[in-house]
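Chains here go by letter, A, B, C and D, matching the order in which they are written, and residues are numbered from 1 within each.
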């Protein structure tokens, strides 16, 4: 399969959108485009599974085109199971995001709702994500990582709510900070590679086969890891998450939390841990400590939030901590868990934001205190909310459980007392998670109806039902039958483990 | 007649240069500042000439440089004065301290 | 018919009915929802009984021992070479026994609910939740793998949450459901860590492998777990204690019991199913499931004993003072589970295992009479529209069937022969007598208290004052409500006669049941005495109970307020966790962590503002700066560098 | 003799063509018709069309018949590289000219504008080709003095006059210092010929001092801190097209020369100038960014941002390897496109409405979506956000800088990118997100500015994604 299609389809969709005049045309094209993306990613999944049976090499469907010859920068793409799972996640979230945005959020500054620009930016964002996940060249990887920053800024700033400009600016600057650190890390890595031709290289597979000078690894690993970590809300650089997520329009929140935060985790794994394994061992204690703090501290901070979006945003901090915890533990199971948690959190948090967006669109408030008894008024949306919540607190049958448990089991394999303590703290967060999720559910969804005006509100429309349905299918597919996902990612994670154990 | 040592010459030119610079920093009249610049340029000219004469008498580089510097200084002064005149039209003053509307 | 051909249907049928009712119930099935549930459950129950019959009488027993049969097993999630979650079905005496109990009681509750829940807006949803619960509970009892049990453990927790919060517009119901979930979740945290330790150090999540490894004294895993310790306690003890904490949470053992009384906010049939017969005994089941491993560690066994007996006594005392009939029953449940628990604790493995058998026997019988009590209470509540004793009285005439069945159940729980409770309780008391006299006397006291408060309940409901004139629009209930009462009453009478140790023992080798009639004299006499006291105090309305209550004011108050345990929890959560952890965390995040980020930005802006004056607009100053730059470079590079 | 003559013409092709254009303009100016009352006929449009066509032809001619060789006793050189660099400047000038259409259309002295402008360009060409300090100095002055006049081109504006005064004073001062340095160089080396200097370098303190003076003069022209103070004032006071010209063409030419001079002529003092450049780079980046953060006037903001950009360029220059030189040249192309696109929009708006403040641009998107996007993309390119070419430019600059092993410098540069993003986004925010009661009215662009902006836009997008230009520059430098 030609992976370029993954970039091409969003690109063509975006271009087509530019030439549309009316909102219905725009969103139909966007819907068609994202549906094609989903089909494409499913086809990719199928073909990948087929190919995997006969092809042993780490990356499949590789393509390598020389880009900047003298700098040895290539447009090198290919996928392994981890990328495929991320691509699937992206496709699911994109389609759901487009569906949720059927009725456009209101824009400021421009003319009317600016549907064209909105969907254009959404497509652009998905292009960045796809490109990122298929890149096998650090330059390309970094290129796509940064491509996604500006659309986020505009989406939040134009269509957001609340302190949107502040949030947009904060998000853009902090992510840019992350990129800057990533840049330093990658550039340092690049300059310490030596190929047969005497040039440096950005090629991930080539670097993986070299041994980088240990001092240099120790110097650049923190840059790369923290840089990517900022995208995944590493403590203490997570503060863009609450503000950014809560101010963003629904679809943008879904993209941000569902896809964008995964870029970081994927990058940490692919660029930092895979390429600098010795440094990963050296710094793993730090990573684990920071992520354990993020998990438990994020969870406690969530308890005090009263805005639904803030609740989910802070819980994202906590949940993404599991990703970093899994990576930091450096055991095969834990890393696999981290990957699964990325997929799971992506779907789950997108669903959560979708539900919150639907509630907000109708009630015009996200304050838990002003909501109540929604289950009676809008049973579908409330059920979606509860499902997202239950997935978030790790209920078996949903993806969250599978991912978290894998991380825990993997984390427990590290026998050192400090790691154990971190694991126990992380485990403890499941209780805190239950507390804040149930508080939110109990107040907003259950309980007496808070506002009699809410009684006139309607339940979900077809597009919203479809959006939620798509995400729930994803969540349940992992929750009920995780084996396909583990099978998919195992070769990739094994390669990382071999790299980690290879010295 | 004994030859004047190069250091004497250089002393003169350097002194001239810094006198010019001092003038440039302290004078408030723009025309005077231009004159100070001329002093600096002339010190450079002296430099060129004496280096040429004392150290490298076989080539004419220094002398030529001097000629060009003199020419260009004239052109520069011409444009500068034109600008100053124009400035005077709008500001009614050629006090450099008063031409500070563009700042921060 | 091979087990593998049909056995998976037992849990899957309720799942199907859950999906059907959950997705389409409200719109398409409507009033037929109840019957859908009954149908699926009925099939499950029939299959279960068939399985039990086959297992116990046809092919379970080989070489004088009940075999562990695993007809279905698939690898669900592989963690590493040794560790994986397998989904499977495990048949051994305990699980088969539980299978029968769960499906049967669930079927009864489904039946009863058809009448009880009639006219509810979310009728279909109710039955889908019930089906979900039954599915989860069946999955739990059939688990082959400790992680599988944990998964279904969580699922029963959430179904319980959904059912307690069924009346979701009632704030108290919402609160109770939240409390139930969070408290058990807290316990599950222990369970989870216990699982992690066991899995990592024991080398497997699989029950069979785990038990085989750890009971083998030569195995390196056991050696490691016994030799390595943390805070002076061996790893094995840690693991088992933590697992037990999980069980204690689910089984509402002291001090994790606080959720159970509140859980009575749910519809009464739900309480009968979940909070009396099945889910709450999961803790006991868990200990039984891993009994060979638990038996390795006397310290943990002692902990189980202490927890069990404390809960039994405490709950019995509290039950004497409560006025809400469901709460009385809830505390009685807790007390009875305490019985089962300490019986587990005092039992030995393979020999001297009367406690084990007694515990499970009691679990078995208790399921019947306690669900009967709850359903009876449900019928009463349905009739009088209140939970409070003071609103009841003299109902024996208007509700004859309920009255008789309720009386039978009360007698059974009080341990009056030849009802079911007598046999199982005697077995437990016997075991206690043989192992620990203190426990025995405490248990005996509890037994008497049980008889007392049960009859206090019985007399208050059915005797006491004359029946008030309730608007009797639906009579005692429909046939579907009476039938389960009668069936359960039948079981209450008959279940005790089963020679239980022929089927369930700790090492699965059948033993002959012995009856010690002489030994039984004391408990029975005590029970009768207690019933007598209850009759004097409560049969007719009088002020004696109040006098007695005021005469031991302090104790009464403390018991009435449930020993203030709720308040302690409230203090810890609200005051300490909220105010000292969560609030500061949120504050620090906004003001310090985020503040630092903002500070960076603001500092840049301030510096920028301040620096602007450097650009003064004076050309001479610019030239000076120019010269200054040159001088600095000169000095730096020529003289310093 | 004919061969020599042909060589002469070919080698000086760029300069001669430019001269030809200047003379055509001069001729047209002399023969301009007058109305009956003695005022000149208003035929600005046709003059502008002619000028732009001539510049276009000039630019196209730059692609052909480029030969290498030396003239004037080896003090003038022409190579593929210089031809390419000159043509970059040609393109830039063409773009500036296209964008100044709106402004010049109503201006009284169009011809003079072009003559002065092209005279400075000629000076830059000479500078780029120079192999001797004398020629270099002549080129430098030729490119500076007419610029001062250009800055004053809105004769009636107070700001314009002040800016011009500052510019001429400062440039006179800096050239005096430069000359002082050159004279001392002469004293120590006895030659000012670029090919002979490397052999004469001995690394003495005096030579180092001279080098500092030389770098200061460069620093003045490219506005490196602390020689940058004039920049903001002049940029603000000058007419926008002149600002554009100053910020990209003038700066670009000096950077070309600086690269050649430092890399080739003063390679022997590499250790010394490397450190100086590093210090300047850090100071420039930080100062430029810090000052830009709080600016309200767009031109002033872009002035400081261009200072910051120079800091980044200096980081690349500190790489001291082929990548360094290549990335600097490459970045200048990108910078020309990006900055001209941004200033082009501002130029049009300023010419038509006189509004130059950020707050004036609130709600700009509502009335001028196309211009807003161009402005935004240009700013993203300046900030170094992909997929614009600015990303590639910055990436390669910093990579080249890091290639010398100075990671600290790269880290500082990377952090500065964040600050710079802040103020660029501030503009974007005003344009896209803020509501405004009285937004700038919808602007109907004339053909020339539109063409200019579109070329910039295409340049911004294509230069990066298509690796051709980078590889070409790489070949040019490698062939030296």
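Just so it is clear, contacts are C-beta pairs under 8 Å (C-beta built on N, C-alpha and C of every residue); 3 or more make two chains touch, one makes a residue touch a chain.
Treat the numbers as computed from the prediction; the structure is a model and nothing was measured.
Novice: In how few steps can one go from chain B to chain D if every step must land on a touching chain?
Specialist: Each step joins two touching chains, and the minimum needed here is 1.
Novice: Check A-D against C-D and say which one is joined by more contacting C-beta pairs.
Specialist: A-D is joined by more C-beta pairs in contact.
Novice: Suppose each chain is reduced to the average of its Cα coordinates; what separation in Å results between chain A and chain B?
Specialist: 65
Novice: I'd like to verify one number: the distance from the centre of chain A to the centre of chain D, where each centre is the average of its C-alpha atoms, in whole angstrom.
Specialist: That gives a centre separation of 42 Å.
Novice: Find the geometric centre of each of chain C and chain D from their Cα atoms only, then give the gap between the two centres in Å, rounded to an integer.
Specialist: 77
Novice: Rounded to the nearest whole Å, what is the centre-to-centre distance of chain B and chain C, using the mean of the C-alpha atoms as each centre?
Specialist: For chain B versus chain C, the centre distance works out to 97 Å.
Novice: Which residue numbers or ranges of chain C touch two or more of the other chains?
Specialist: 601, 612, 615, 617, 619, 623, 627
Novice: By the touch rule stated above, which residues of chain D touch at least two different other chains?
Specialist: In chain D, 165-166, 169, 173, 177, 232-233, 422 touch at least two other chains.
Novice: For chain B, which residues are shared contacts with two or more other chains?
Specialist: Only 24, 33, 96, 99-103 qualify.
Novice: Classify the chain contact graph as line, ring, star, complete or other.
Specialist: other
Novice: Once the touch criterion is applied, which pairs of chains come out as touching?
Specialist: According to the stated criterion, the contacting chain pairs are A-C, A-D, B-C, B-D, C-D.
Novice: For the complex, which residues does chain D have touching chain A?
Specialist: Counting only chain D, the residues touching chain A are 323, 326, 362-363, 365-366, 369, 380, 385-387, 391, 395-396, 398-399, 402-403, 405, 407, 410-411, 414-415, 417-418, 421-422, 425-426, 428-429, 431-435, 467, 470-471, 474.
Novice: Can you list the chain A residues touching chain C in their complex?
Specialist: The touching residues are 170, 173-174, 235-240, 242-243, 297, 300-301, 303-305, 314, 332-333, 336, 373, 375-376, 390, 393-397, 401-402, 405-406, 408-410, 412-413, 423-424, 427-428, 430-431, 434-435, 438-439, 442, 445-449, 481-483, 486.
Novice: Okay, in this complex, where on chain A does chain D touch?
Specialist: Within the complex, chain A contacts chain D at residues 67-71, 73, 108-111, 139, 142-144, 146-147, 149-150, 153-154, 157-158, 164-165, 168-169, 172-173, 176-177, 180-181, 183-184, 187-188, 190-191, 219, 223.
Novice: So in the complex, the part of chain C that touches chain B is made up of which residues?
Specialist: 612-613, 615-620, 623-624, 627
Novice: Would you pull the chain C residues touching chain A in the complex into a rising list?
Specialist: Contacts found on chain C: 75-80, 83, 85, 147, 150-152, 154-155, 158, 161, 165, 168-171, 173-175, 177-178, 181-182, 185-186, 188-189, 192-193, 196-197, 199-200, 578, 581-583, 585-586, 589, 593-594, 596-597, 601.
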